[in-house]
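In what follows, chain A forms one complex with chain B and a second complex with chain C.
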Partner chain A sequence: MGLIDNLAKYAQHQNLSKDKRVVFDSFIKKGFPTNSDEEWKYTSLKKIVKSEYNLFPEFSEIDNSIINKYSLGIKDKIVFVDGNLVFSPEIKGVQITGFSDFDCRNNDAISELNSALAKSGFTIIIEKDIVVENPIEILFFNFTKNSFSQYRNRIIIGENSEVKIVENIQDLSKSSTLVNHFTHVSCNKNTKVEYNKIQNNTQESKLIDCMNIFQNQDSVCEVNTLIFGGGFIRNNLNFEQNGSNCESNMNGISLLDANQFADNHTFVDHKTAHCRSNEMYKGIYLEDSRGVFNGKIMVRQDAQKIDAFQANNNLLLSDNSTIDSKPQLEIYADDVKCSHGCTIGQLDEEALFYMRSRGIGISEAKAVLTYAFASEVIESLSIPELKNLSQKLLAHKLNVNLDFSL
Partner chain B sequence: MLKIKNLKAGIEEVQILKGINLEVNSGEVHAIMGPNGSGKSTLSSVIAGKEDYEVGNGSVDFLGENLLDMDPEERAHKGVFLSFQYPIEIPGISVSNFIKTSLTEKRKALGQDPLPVKDLLKMMREKMELLSIKKGYLSRNMNEGFSGGEKKRNEIFQMAMLEPKLSILDETDSGLDIDALRIVANGVNKLRTKDNATILITHYQRLLEHIVPDFVHVLHDGKIIKSGGKELALELEEKGYDWITKK
Partner chain C sequence: MSDIKKQTEDELLEEVTTSEYKYGFTTDIESDTIPKGLSEDVVRTISSKKNEPEWMLEYRLNAYNAWLEMKEPDWANVSYEKPNYQDVIYYSAPKQKPVLDSLDDLDPEMKKTFDKLGISLEEQKRLANVAVDIVMDSVSVATSFKETLAEKGIIFCSISDAIQEHPELVKKYLGTVVPVRDNFFSALNSAVFSDGSFCYIPKGVQCPMELSTYFRINEAGTGQFERTLLIADEGSQVSYLEGCTAPMRDENQLHAAVVELIALDNADIKYSTVQNWYPGDKDGNGGVFNFVTKRGVCHKNAKISWTQVETGSAVTWKYPSCILKGDNSIGEFFSVAVTNNKQQADTGTKMVHLGKNTKSTIIAKGISAGYSDGNYRGLVRIAKGATNSRNFSQCDSLLMGDKCGSHTFPYIEVKNNSSQVEHEATTSKIGEDQIFYCNQRGIGTEEAIALIVNGYCKDVLNQLPMEFAVEAQKLLEISLEGSVG
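So, the complex of A and B:
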């Protein structure tokens, strides 16, 4: 039985409300997207939806040592185990609770599925005029074998407030699993938000992540997507600017090997004037790995004086690695500044010799050059523990014992 | 220290070095001069281990070992250093990070522990002073946006940090104004000991006013056609290369 039949059967027993039933039926009608859908042209779900999944989480206990192993060492942690919220911190001016339902405008099949059936996730509400001093770490652990998990999360940031968040979805089931992760972020006036995603998983884990960010005037929001492993990853990152003087920043690293796959789809909807967006995605592909980048920037008719920048740079470090990169600009206003660029290349032989002549061995020289390539993103990370972890993961993945700090 | 015997090398079918013989001992400074296309840079690249060149006949012995059998990094670990004619820009890596990595890797190869950060920074400061290098320089990206003079100074800074036994300075004077030339030359002179040796590769006599060589060799069409003392350089400056090459 494929996933869609399994889900239909599951839904029958869920006593869905009338509204949810409508959304679910819409999902069933559309089905999972295929390669004939433009947004999924280079990304195939075929194998994924054919697999058998367990839709019922089996709750397990978690040992503190496991939490500590995957935590950045940040004090304020939200911890989920098999979809259960087991731990949340007390922070002044911040309400943290489990799943609370909400509507959204996404009408793609996978978001509808999440909307109809998700029962787990977090809700973070930050009051106005609160600067959350320490970053908040959110850890999702899964131990259920062959699980299909759906999380639905909501973040509301009150006027003039600031927060930094690090999210890590970790599959420890040693089996083939799928996660459908949906997060909705509302940035009110004059807020500052930084959201970091660590995606470092096993070959068998699959993740479809959708994040919608709604920005009001004078808000700044940054999302860093750090991919260091995973069998299949699809990230949909959507920004909507609804007030003047908004800034949307996106940075990404994809460092993949074996036959890993990661797809970053970004969309910035510039609806109002005097706003900015910056996008910098770096891909490094080893062995048989494959990447996709699709960056869409829409500048609506009334959105004058927009300054939008997008770059996607890729290093292909083997003959069998692949990247499909597609910048997409749709501009309906006449007084804007938009630039984009995409590069695909290899390491510079001259630079390699230069480093070797200084005593740096060939693997280390390659690693240093690769780090240099990614450093624009890694060095910009504002949480020291996260920067440190990224440097370590990069060295580990490139099989060298190098310390990139100093 | 370095014994080159009948060295022949080229790229693909083109023979560039046609039988070089050269012996360099500890404490010596040798200058290799010659017109464009005589093979000066090929010689330095072959000694440093650039793989683009095919080495045919001949041998290069460094401290009793066959240098031609070693990878470039191994040559560096043994004490060979090449100051590049055109140093490479590496955006994304700071000067300090680059030097820390090369020093650590060299020490690792020699079975030594990495220098503690405190000692490393102290050493960097000392060597920077030697070359009149300003503060913020360490955090700049490796050679990125450096002027010609800054790039060459950076090469000598790396040389000072790595403390090689044999340094080959390939056209280190090109792109330097008089003040920068004096600073770089002064640095090189201060780094000279009785245990290390230097090969200067240059077009002009200018550099040799500041770094006085013990021997001067003229390279022409892949061969050393004349060797002499420092006065040979003056003679070349006066008469040009035709005087020897047309003989």
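So, the complex of A and C:
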């Protein structure tokens, strides 16, 4: 019995509203996407949805030492354990509560599933004219063996407000788990948002993440996706610009080893004129890891004077690593400046030789070059703790100990 | 200032969108056509009309049966009313078939057609040193220079002659690069192709002249399904040109061709196309549906270079590809695709790297004007065994007018760590500052646009053989009339 049958059975015993039932039936009808679906051409869910999952979380107590171990050391923390909100900070002008349902879904089976059955998640509402000084850290812990968990989160940022958020999903169950994560962000006029995702999970963990961001006039939104580990990761990041002078920035690092897999799908929908988007995704693939990148930029007919840039650079450091990349432009307006670039290559042999001839060992020389490759993204991180962590994880994965920080 | 500019821009666009198709005449030649529709009998009729051997009929029937099971693809970013395949005439031949070797016996009407097209055979023979094979409504009507080529051992004839005279070569290579079941249109073509060109360059021979085929759809309601098979044996070299036109008609005409290139070890093939099928009128009525499968296979150290200038067709669906099978082989793709009015193009290339040290270059330039949509769709696949491979792709789009669209869909798949792939794409319009700069220096707006468009396409036009480069530039002129000087 696969996951879909499990879910069908589970849903029968839930008291779903009429609307939810319709959404769930639509999910059942579509089923999980397969490789013949263009958006899932390079990413297979077949094995993942065949496994058995536990749909009922068992709540565990959490020790402060565990929280501290995975926390960046930021003061304001929201902590989830097995789907339950156990801790949330008091911040002036910010309301933080648990799950509250809202209507938003994309036209795909997985977000329909989330919309129909998710019962956990956070809601952050930031009032007007509030600059949240310290970043907010959100930690999701899971101890339930073989769990399938769904989170449904919502963030509303009032006019002229600013906030920085760091999100981290950690599996501590030492078993094969799957998370379906959905986050909806509304950026009102003249807001500034920075959302950071640390994806450094266990080899058995699987994550499907979907983030929809709706931007209004004069808003700036930046999403940094830092992938340092995980058995299977699929990120869908969608921006919709609904007012002039919006800016959407996306940065990403994927540093994978063993047989890890990460797929980054991004979509920027430029609906209004005079907007910008910037995208920079760097991939470093070691051992048998696999990467997928699909970046789509859409410029609608009336969205003139758009400046959109997209870069996807990849380093294949092992002969068994692979990358499938699909940068995409769909442009219906003429007065625009759009470009994308994609490169796939290796470390420069000559640069390595230069360093080695000066007494730097091969692995250190490789690490220095890889650092340099990734630094463009790491440098752009504005939270110092996050920058430090990224550097540490990079060094750790490359198996070197460098006595300097970038 | 900007108001004036806007005005001239609008005027230019107006002119662009009202420019006319120069090759839209019809020729009054009696032709031998079979009734509309497709069935096993039609396939048999075509085969028997051409007096084909049994294996060829089997090949066709096999393809027909495969086609019946296949679905018309709809993944391309184009929308059109699917043709009714039972409403197409699958075989039409000019009745009076001229004697192949003497062009003087050509039907005067037909000769007039060629003169209008700008291919005066005699003149070409004398001046340009180009051997021409002309295919009208699916049947090859004239092949020039056959004897000169025969001295070198080069076979250049229509594919139906090749089936009769060189069956061993046709049997060995036909369908090896584009298999019958490759796609919907290639299956259809394999079942009903009526003619096309065949070319064989023997070992070590450098073809002394450019070979050329001219395709024309004449008869109303006919589909053109030609088949080109080009084999360059070890160490040989050839440059091949292909041109196409059709009369102006209200209904959509179907063109589903298959081109197969085989470059054996150390061979070098250069294949240039200037495609100028009737694009339909400015409201998008009529025009040719151009659904073409072109593919070449490179053996060791071989090189295939595709150059195309696409200005015609209502809908284009075309991806000239290279399979780089042998070590050190090279694939190249240079393309200019112009869409205007309501034209739609989904075109690009596929580079499949299988051999070691293989190289490929892709330069694709798109120009969209009016209400048209231009798409680049490309695939670069580097297989695990294709170590030290290299690809460079560049696709640029130029937008003229705010109702057109330009899209890029590149697929990049790399499976080893010694290969390098670079891809870049840009989309922009001609900058106001660029035009202003030219205006300042006494260059009118129209000339300035011409200058910029020509410079923009130069990388591709430079790849065309001399005679074609001139024609291509003329075509760009017609397609974007009013903006290209």
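Quick note on the criterion: the second predicted complex is superposed on the first by the 402 of 406 C-alpha atoms of A that agree within 3 Å, B and C clash if a C-alpha of one lies under 4 Å from a C-alpha of the other, contacts with A are read in each partner's own complex, and residues count from 1 in each chain.
In the analysis below, a contact is a pair of C-beta atoms (placed from the backbone, for glycine too) under 8 Å apart; a residue touches a chain by one contact, two chains touch by 3 or more.
Just so we're clear, the structure is a prediction, and the values are computed from it rather than from any experiment.
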Determine, for the superposed model, which of the two partners chain B and chain C contacts more residues of chain A. C
Name the contact category of A:Arg105: first (chain B only), second (chain C only), both, or neither. neither
Partner chain in contact with A:Lys50 - chain B first, chain C second, else both or neither: neither
In the superposed arrangement, which partner chain does A:Tyr371 touch: chain B (first), chain C (second), both, or neither? first
Contact-wise, after the overlay, does A:Ser357 reach chain B, chain C, both or neither (first, second, both, neither)? first
I'd like to know which partner A:Lys337 touches here: chain B for first, chain C for second, both or neither. second
Just to be sure I read the superposition right, which of the two partners does A:Lys119 touch: chain B = first, chain C = second, or both, or neither? neither
Within their complex, state which residues of chain B touch chain A. 48-51, 71-73, 75-77, 81-82, 84, 87-88, 90-94, 96-98, 100-103, 105-106, 109, 117, 158, 162
For the complex, which residues does chain A have touching chain B? 348, 350-351, 353-362, 364-365, 368-369, 371-376, 402, 404, 406
Residue numbers on chain A that touch chain C, as the complex places them: 38, 42, 301, 304, 314, 316-319, 321-346
Chain A partner contacts - residues on chain C that touch it in the complex: 75, 384, 397, 399-429
